[in-house]
Amino acid sequence: MQLKTQNKIKGPHIVEVLSNIKLSDDTWKLTFQNQEIAENAKPGQFVSILCEDLLLRRPFSVANTINNSFEIIYKVKGKGTKYLSSLRNGESADIIGPMGNGFTIENKNSLLIGCGVGIAPINFLSNILEKSGIKHSFVACSQTFINTGITENQVIITEDGSAGLEGRLDQHLKKIINEVKPEKIYTCGPNPAMAYVSLTAEKYEISVEAALERDFACGTGVCMGCVIQIKDNNKTINKRICKDGPVFRGNEVLWQCPI
Amino acid sequence: MQLKTQNKIKGPHIVEVLSNIKLSDDTWKLTFQNQEIAENAKPGQFVSILCEDLLLRRPFSVANTINNSFEIIYKVKGKGTKYLSSLRNGESADIIGPMGNGFTIENKNSLLIGCGVGIAPINFLSNILEKSGIKHSFVACSQTFINTGITENQVIITEDGSAGLEGRLDQHLKKIINEVKPEKIYTCGPNPAMAYVSLTAEKYEISVEAALERDFACGTGVCMGCVIQIKDNNKTINKRICKDGPVFRGNEVLWQCPI
Amino acid sequence: MSNLIKPDISVNIGRLKLKNPILTASGTFGYADEYDDFMNVSNIGAIVTKGITLNPKTGNPQPRIKEVKNGLINSIGLENVGIQDFIDKKLPVLKENNIDFILNIAGASIEEYIEIAKICQSNNIETVELNLSCPNVKSGCLEFGKDEKTLYKLVSEVRKNFDNTLIVKLSSNVSFPEKMAKTAEKGGADAISAINTVKAMNIDINKNLKGFKSIKGGLSGSCIKPLALNFIYEIRQHIAIPIIGMGGISCFQDMLEFFAVGADAVQIGTANFTHPDLSDTLVIELNNFMKQQNYGSLAELVRDLRYEY
Amino acid sequence: MSNLIKPDISVNIGRLKLKNPILTASGTFGYADEYDDFMNVSNIGAIVTKGITLNPKTGNPQPRIKEVKNGLINSIGLENVGIQDFIDKKLPVLKENNIDFILNIAGASIEEYIEIAKICQSNNIETVELNLSCPNVKSGCLEFGKDEKTLYKLVSEVRKNFDNTLIVKLSSNVSFPEKMAKTAEKGGADAISAINTVKAMNIDINKNLKGFKSIKGGLSGSCIKPLALNFIYEIRQHIAIPIIGMGGISCFQDMLEFFAVGADAVQIGTANFTHPDLSDTLVIELNNFMKQQNYGSLAELVRDLRYEY
């Protein structure tokens, strides 16, 4: 294998902030200017952002690309995301990416399910399917309404009933599947939600792709910190979420054991 | 000895920022609102400020008190002072003090010599002497002009000639002493400057008080991190700059060896 | 359990009955009087004095301290007033003000430790903490806390000469933490305290490559917390005596972590410099937490903290 | 000395001639190909591979990593492809792309180390770094790097079976650093590398005191730099062979500090995660610095850095 020896194709890019807006109480959308990332990113891929003097970069799914810019949707949790929320237009950030493998795009009637900030990659995927003219429905579940701007084709489920259907995904999913009759499901969100989606889809014999999460150290595939056990015929093998994923087939993930 | 068992008389005080203004390229003046510190602080004493998530507090001489507020004059050096320069009106800081022993105020014709940010405690002393009607002259030396607002009775020496006399203290000191004929000298500034003042004053048989500096850990006298060797008859003993000082008599300091 | 009953947060370390498990660490709290400006010192479980030697010590030359990322390197060199001066001048203040204290002692030879222990015994000092990190001049400049045989000899000899509560303070700079802890217990220690500062060095190189400023000393502060937690977890399962945990504790959550990995009480060190009223605040926070969570005694809380572990 | 001459920043470690002293540390750079996205990997002095064992290893269960203040705790458990897979799949890539490398090897017994060493020998692997921090199953679960006798046996046995460059990587979790370094040298090591990660633990306690998340593992990153500098300074005066320093290096200044206390080359570890192009950048910065300061060779610079010391 001949390596590329082309320098810095995935960064670190010093990237300008175009906007940083609040979508809900604790959820924000950041838009960055960078042609390379915007051109190359695929739904399901992520970027890793240096957050001030924190040791480790923080990974975020690309939530959209528009011309030479790309977006992330993030929830403020700790120091890293607090720093992100402090970024202002014109300031810059140090970003590597796009990293990992995105969703496989197929011309199939697709059901897209994003829960919480898991909406981010699903949002991007929805836009790409839209552009490609692939039939799809978008279910966005969250505790409280996260306004991503998309409304067409979107079923909104909020636990607090602040928009769309009230309740949790498991109260609505089967009905939605029966209505949409998807040939393929894409999902991203907390593990219990993805597990529920995956196991439900299995019953309907619908194939699932799920974008997983876990604390990353390197985010580039070298440290083996983010491995997950994946079913491989009769045995299980370790795969790196950051490099071999973050997208995996729903039925190869051992949803039962803690992921 | 009965301890006071009076709670928190030296803080930590959560103190409001009244103003933060630039005096020169790298030197700023911060004004804080706090009655206890403003009422109790004496020239030569210092406060210790918590600077974001830095482990150690940073010590700064009280540079003035006005009614219920007090000032510090500081030079931006590293993380701590960078943080100070980011403070805005209405924000607050966590401060302990006033700490240490200040200058001894005597009714003697006094010469006050502040070099660099060593101007800070000298500025405060000058105001107090003024109020007490004690005759004094104030020499302020710095690389470039630091505008503290005081001009009366003040001889300004700047290395770059941006205000007052051009040059360094040692080019002017003897002349000034001969003119002022002080009975007492107070000084604060870099060690070489204070050493020069102290050794020169010795020749004129004028007593000197110098406010010393060194990295502090505790700043309260418990860690023994800031000790300096002090002449005590024929031997030397260790004294803590933070607790036994920061003001020492010029002739008890071993200026020759590194302080 | 009623919210109105004041929870019992006392803890016993040997014969020492502490009113609460929050102590201040040696070398970071002087002899208590300096902290009088920031709190009522008698609220704290106990203060541990600066390390006291047989004779007064002037300590190391400057530089003695250097801040690093989330840490402090110190090279004080045990500057202290000596045992006699402590007894004459500091002890009466502590007694008069009802401040519970533990005397941290250090020596350059086993004989010196024994001599201080005898003085403590005859002056009715209730609790002694052995600081082992001074170089052991006799056995070729090794430190006492690094070699099982020397450690056993030291602890058991001090034990013979001091029949009140004896705490042995361990350093984490050892190959086999559990061996040192077991040795101290076998030697007669009533409790282990750990960890002492961690060996560290800093060097500042200036642009022209001239006049480096360097310091070799002990590292403390929140950067050593992961090392301390590991150390205490490793020794907990090998000894039966109580452990007083320390190393980077700077908030209530940190304190709980030490209980979780095996500590029965804690000491606050470098964080006193950052927040001079921290130990006092922790006592209040612990009381409030116990009430909120409906705990009647510290023992119950500690059991639950260790439970899932 | 003219500014136009390219300074000589090469350095020899045993028979290994490094084009520059900047290496990447084991476990933090994979087998090089992953970093191809960020730089031309062949610019670096050498990469050290992830620790390789005789048979593939699946490593430890999750959680494997946890960020702490300025540091990272990892408990990967040596997950790796095994020596045969390395030779079949990874080695050709390294060779084809002219990437100088050092093979980091680990075993659970001396026999296992010997077997890997033989495989390295017969496959003309030029340089091997011995990772000693795996538990030594035979001698009752001690680690190889903690006990002089076992260490001597291990190093000398590997030496007998491998006649190319042999580097022994030490851990700082020992009572007597200089003894371990001297033992490795006596056993036949061509160089020492240090430090490996430092034993550490983290525990997250949530509000309801249920479901703690804990990790026990090795600490790396800038919080261990003061420990690493101290370790290297302590061993430098006791051995004659070169030292490859590491532990928290994250910028040019850090690298100079390691040279100052005794290192002849450095490895970049955790900082690769933060700045994936760091090692490449350091090579450029070192060249520029040498030119600016008019140094003809690295040896001269290192001599000056150590001079005042």
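First chain written, first letter: the chains are A, B, C and D, and each begins at residue 1.
Keep in mind that, in the parts below, contacts are C-beta pairs under 8 Å (C-beta built on N, C-alpha and C of every residue); 3 or more make two chains touch, one makes a residue touch a chain.
Because the structure is a prediction, the values reported are computed rather than measured.
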Chain-contact steps, minimal, separating subunit D from subunit A: 1
Other chains in touch with both subunit B and subunit D: C
Taking each chain's C-alpha mean as its centre, the one farthest from subunit D: B
Distance from the mean Cα position of subunit D to that of subunit C, given in whole angstrom: 34
Centre-to-centre distance between subunit C and subunit A (centres being mean Cα positions), rounded to whole Å: 48
Chain centre separation (subunit A, subunit B; CA means) in Å: 56
Shared interface positions of subunit C, touching two or more other chains: 70-71, 222
Of all residues in subunit B, the ones touching two or more other chains: none
Contact graph of the chains (line, ring, star, complete, other): line
Those chain pairs that satisfy the touch definition: A-D, B-C, C-D
Residue ranges of subunit A touching subunit D (in the complex, touch as defined): 1-5, 7-12, 50, 54-57, 96, 214-228, 238, 243, 258-259
Contact set on subunit C toward subunit D in their complex: 68-71, 73, 142, 146-147, 173-176, 198-203, 205, 209-212, 214, 216, 219, 222-223, 225-227, 229-231, 233-234, 253, 256-257, 260-261, 293, 304-305, 308-309
Interface residues, subunit C side, partner subunit B - complex: 27-30, 32-42, 50, 58-59, 62-67, 70-72, 74, 76, 79, 92-93, 96-97, 221-222, 270, 272-277
